[in-house]
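Presented below are the structures under discussion, each in the form of structure tokens.
Below, chain A partners chain B and then partners chain C, in two separate complexes.
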Partner chain A sequence: MYDIQSFYKAANVKDAVRALEANPQAVVIAGGTDVLVKIREGKLAGRDLISIHDLPELKGIFMEEDGTILIRPCTSFSQIEGHPLIQQKLPMLAQAVGQVGGPQIRNMGTVGGNLCNGVTSADSASTLLAMDAQLELEGPKGTRRLPLREFYAGPGRTVREHEELLTAIRVRKEDYEGFCGYYIKYAQRSAMDIATLGCAAYLRLSPDKTHIEQLRLAYGVAAPTPIRCGKAEQAAQGQRLDQQLLERIGEAAVSEVNPRTSWRASREFRLQLVRELAKRAIAQAVVKGGGEIHA
Partner chain B sequence: MLEIIRMTVNGEPVELAVDPRESLLDTLRQRLGLTSVKRGCEVGECGACTVLVDGQAVDSCIYLTMWAAGKHILTVEGLMGPNGELSPIQTAFIEEAAVQCGFCTPGLIMTAVEIVGTGKRYTREELRRLISGHLCRCTGYQNILNAMERIVEEAYKKCGA
Partner chain C sequence: MGIGSRIPRVDAFEKVTGRARYTDDFQMPGCLYAKIVRSTIANGKVLSIQTDQARQVEGVVEIFTCFQVPDIQFPTPGHPWSVEPAHQDVSDRKLLNQRVRIYGDEIAVVVAKDPLAAKKAASLVEAQYEEYPVALTPAQAMEPGFPAIHEEKPNNILAHSHFQQGGVPFEEAAAQPGLSLVSGTYQTQTVQHCHIEPVISSAYMEGSRIVVVSSTQIPHIVRRVVGQALGVPWGRIRVIKPYIGGGFGNKQEVLYEPLAAWLTLQLGGRPVKVELTREEIFSCTRVRHAIEFQLRTAVRADGRLMARKFTAWSNQGGYASHGHAIVANAANGYRHLYQDEQALEEDAYTVYTNISSGGAMRGYGIPQLCFAMESHMDDVAAAIGMDPVEFRLKNCMRQGYVDPGTGITCYSSGLRECLEKGMEAIGWKEKRLAAKDQNGSLRRGVGMAMFSYKTGVYPISLETASARMILNQDGSAQLQLGATEIGQGADTVFTQMAAETTGIEESQIHIVSFQDTDVAPFDTGAYASRQTYVTGMAVKDTAMQFKKKLLEYAGWLLKRPQEELDLRHGKIVEKTDGSPLLTLEELAMNAFYNLERSVHITAEATHHCKDNTFAFGACFVEVEVDIPVGKVKVLKILNVHDSGVLINPQLAEAQVHGGMSMGLGYALGECLRYDAKGRPLNGNLLDYKLPTAMDTPELEADFVETVDPSGPYGNKALGEPPAIPVAPAVRNAILNATGVALNRLPFDPQSLVETFTEAGLIERREAEVHV
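The block that comes next holds the complex of A and B.
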């Protein structure tokens, strides 16, 4: 039995927003894989739950008319991983969410929850950040859109207002067409673990595949929130693909991150991972894009 | 305060009064006596409480019973044949000696049901990944994988998919 004050099953998004407005203490629950564990630990004990679990309007993956991929937030990790649109257009996202927890957790946990928790270690977050994902929030005053880049406010905090719900995650065509990517999760176990560091390298190669046209490099657990490394990205632009370039990118990335020491790993080890995983993820992304790294 | 919910458990329609604070694990074990569903870590780490909800393996310890309304729940008890026979998956576990203390077994069997249900063939490496949401503290993973491989092959040959 969970230590829950009350449980309310929202009929739809509007109903959930109304219920959140009426109760400043209420907590939104979707897949439950984080919220219920926090209740068990006592961190969220005794609260009122507003459930958006299984709301049909918050589930599914679609392509909009302009080619934008729309992911509804209550879509589970397994649904994302197995969806043909994701496999074809956003394969790095399939790869990243396929590394969340284990199979049962992936059947239950949702991508929206992964983002709204605001945690830096979220496997979907660095990937979606590299894809410049756009979010849509619905509140009492209507909907607003903002880039995922502007969503995080600090460790475990986002700019989502208490009475707002995340209702859509979008990746625009210009943010996936021609891109190849690779996500590396470094963890102590290969399953059922939280990332010690996550690195998403997302890039577009020149037509002859010898140069990087554009690089997007995002990390989880390299700072209090998921981050992009702008300097490293600039250092790569238009550059010839060789080992020295990878070194320069890794070097730049290290100067932009701010990892902490935790029981999982020290700051120093995480800095080492930032440098090394950038090189490895970019090299793998290049291979996915049909190129190769020259010596 | 109790609430009435309706769901299908092991093929039988069930209507019962539950406390909205209950996990599906609580309901299945305490109200319905389905004790194949094991109470392990209670935080979704060990997989001992795995059941199928509409065909998908979930950790019933972190699944609220209120969410199960209108859904089909399957536990190991539901695998029993009309005359009490074991299912081919259970037989494979026995023949491969994939059971030591037995605590993780029901959960692993339900994951096996989900895997076999896909009708696909899997390599041993893929099977490792597919059972990664289960902990076997006897560390009998080799025999568990042998049983999994065997049942996946048998099902594949039967269905010819």
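The block that comes next holds the complex of A and C.
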């Protein structure tokens, strides 16, 4: 039994926004894979729930006229993983969300919930951050757009206002065309686990595949929020692909992250992973792009 | 049919279709829900409790506090009772406790009409405490001046035992010239059983009697302990045990049945259910003891063990539960598997602390021992440059061995053959060689470990079991036992045993799976890998009697001497040529309704077992270690067991697979952690890293079938052993791969990265500091 004060099934996005406006204590629920856990733990016990779970306008994956990929936030991880558009254009995202929890969680959990939780460990967050994803929020005053990298306000916090809903996640054509990528979820278990560290390497190779034209390197759990490593990305730009380059990128990344020590993992251990996973994820991404790392 | 056949489990259909009924499926109409209020400190005394606010919650029926329960201390372990007071279990807890010893100790209980009301109200109960310092380890609890956790044990040492054999003390034997001395400290961690079905029981009254339905391995012991805890005559207690979803020793413990029984007694017999959350199960039921072992060994250059010294400190946690029996069993196991030429000295301590209470868990101290002993044996073999298997074979137990401490005899041993099979399967010689001089970040190695394991608890405790067979009109029979099916397949193998001995087909034997202490024959239950051995003897005795009675009646009916008849495949036949004479149905219809001679044919026997024997086995494993990220991949893993004759090889394999999976969790990640105040940090299935199916490699099981003369069908222990040798085999494989000896479980990634950094396999870097 769950301690739920009331459950309101919103008719559409506008209705949900109105209901949120009317009740400052209300909590949005979509797949429920996090909200229900928090209710059981007591953190969200006794609250009013506003469900957006079944709203068709918040589901689906589309390509817009200019080639932008649009993902509606209530799309489940399983749906994203199996969708042809994602597999063709954003395969790294399919790879990342395919590692969330277990099959049951992936059938219920949504990408929007994963982002709006604001947690640094979200497998979709570091991946979408590497893709420079753009978000759309709808509130009483209309809609606004902002890049994902401006969405996080701190651990477990985002800039989404209480009466706002996330309504769209977009990846522009210039952010996926020509890119190859690889996401490593490092956790103690191969399933039913949260990342100790997540690393997304997203890059474009030179036409002859010997150099990195552009690198985007994002981490989860390396800081209070998902982060990009600008210095490491700069260090890679235009560089010849070899083992030394990977070492330099790994070192640069270590200088930019700020993981904390908790009983789950020490800062030192996470730094070791930051360095090691950067090298491994980039190497794998290069292979995906048809290149190779020279000795 | 019979012994050795791979028949499907008798409960398979019910379980895979979801129709099998468990404790929660027996909920009575109008059932009330209990929620325990738990202490928010790990060591101290409750001064006062306020329940006013909690009572305001709608649906609350009653709230009881630790100031209201009977002043009776009772024992909780599922041991056979001893009629000798000196051998009785430690009685060190009450239904609810004012003196709290662990974080989450039971201090009050809310009973409400629904679980949510109970939960809400429990969160509103407030308590004030006097707080004492918290001990997480035996060393802390034994510090001079540390307050007594139980007033009966002022220095917090629950028990200390000493054992010595050989003519000379260890130090004297070890001081002889020409010996190598090896010493090591090995530490095991706290782990939990993680049975799928939660800890759950409910109680209600019928007349003046209390009925308890419980997910337990030991219904007859539950009855005794409920009687003791409540001060109620035992005959007024009736315990029902339906199917259970796993126990692994945590349910060889009387957990909340006494509280459920007491609550229904307070509430005029209304049904009350006590069901724990997973978090409560982790922190507040029982765990596997963390034990620190200090081992010292003197060995001759030719590999002969000359003298050994064993010292162990077992972390008991807040309450005695099975107490010293665990580390005492480990000390016995150390003595059994290897024999020294001159001296063995053993000291074992069990120490109260303020973490979760240690209790029985699959292997009963031997998985801890096996980790320490088998890690140490590899270290000793390395010190004298000997192959670890050759070294073990030179020193291990052989057939005919008699333990001087207990008189337990090794009647049969396939240990050598187990090792030979394992070496062959893993490619021991080539792979040990290939493991040398690796220097990449991925390194491979092979390792092994072996064990011996007793079958049952004789002569430390009583071994007794009873069985009953009852004829039906259609010629089929009921088989009724006090022994319990807890998922291991007991019902199936008992059915096979009865079929083997009576000659009645398995399909015509209806085993009564549920125990009801009002009618189930007496048996102490499922633990110590005892049931196929001890209860098996009772089944065999009963089946022989039952068959004799059937043949006697057949002889009367056919007017033939019964010596000329036999019962085969469900028919009365000519003994000489097997030609059929009478079906069992014809026999049974006469036995029930014959106007001349009606008799209800039943048989019942108790077997008081006064024997024991050793089962053996080994684990061989090949690993690949990813050094920079601290991951161990198991490439191949194989357990080879000598458990005597296999009653059902298919079930035996499944039992081995389950144990190996448990052993891998023990090796590679499971560990219940506490903060400095004794609060569990990861008592849930997300943060406690029980391996998932995706973490589990292909598990291989093989057997060497000896025929043990003491077993009812040549069989020996198999229930617990598969979990025992896995962790040290993994440790020794990592040692082979990397040259790094890991002496502290578990080998989780962070521990591995830290140890590999210490050992220089990972470059040490100072962590950058951000401002």
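In this section, the second predicted complex is superposed on the first by the 295 of 295 C-alpha atoms of A that agree within 3 Å, B and C clash if a C-alpha of one lies under 4 Å from a C-alpha of the other, contacts with A are read in each partner's own complex, and residues count from 1 in each chain.
We adopt the following convention: contacts are C-beta pairs under 8 Å (C-beta built on N, C-alpha and C of every residue); 3 or more make two chains touch, one makes a residue touch a chain.
Worth saying up front: this structure is predicted, and the values here are computed from it rather than measured.
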Partner chain(s) touched by A:186 [first = chain B, second = chain C, both, neither]: second
Chain B versus chain C as contact partner of A:3, first or second or both or neither: both
First (chain B), second (chain C), both or neither touched by A:32: first
Which of chain B and chain C A:51 touches, first, second, both or neither: first
Touching partner for A:264 - first (chain B), second (chain C), both, neither: second
Which superposed partner A:254 touches (first chain B, second chain C, both, neither): second
First, second, both or neither for A:194, with chain B first and chain C second: second
Contacts of A:276 with chain B and chain C, given as first, second, both or neither: second
Partner chain(s) touched by A:62 [first = chain B, second = chain C, both, neither]: neither
Chain B/chain C common contact set on chain A: 1-3, 102, 190-192
List of chain B residues in touch with chain A within their complex: 19-23, 26, 42-45, 47, 50, 56-59, 62-64, 66-67, 111, 114, 129-134
Residues of chain A defined as touching chain B within the complex: 1-4, 6-7, 9, 29, 32-33, 36-37, 40-41, 51, 53-54, 78, 101-105, 107-108, 190-192
Partner chain C, residues of chain A touching it in the complex: 1-3, 42, 102, 186, 188-194, 196, 254-255, 258, 263-269, 271-273, 276-277
Residues on chain C engaged by chain A in the complex (per definition of touch): 114-116, 119-120, 123, 628-630, 669, 673, 675, 681-682, 685-687, 689, 691-695, 748-750, 753-754, 757, 762, 765, 767-768, 770
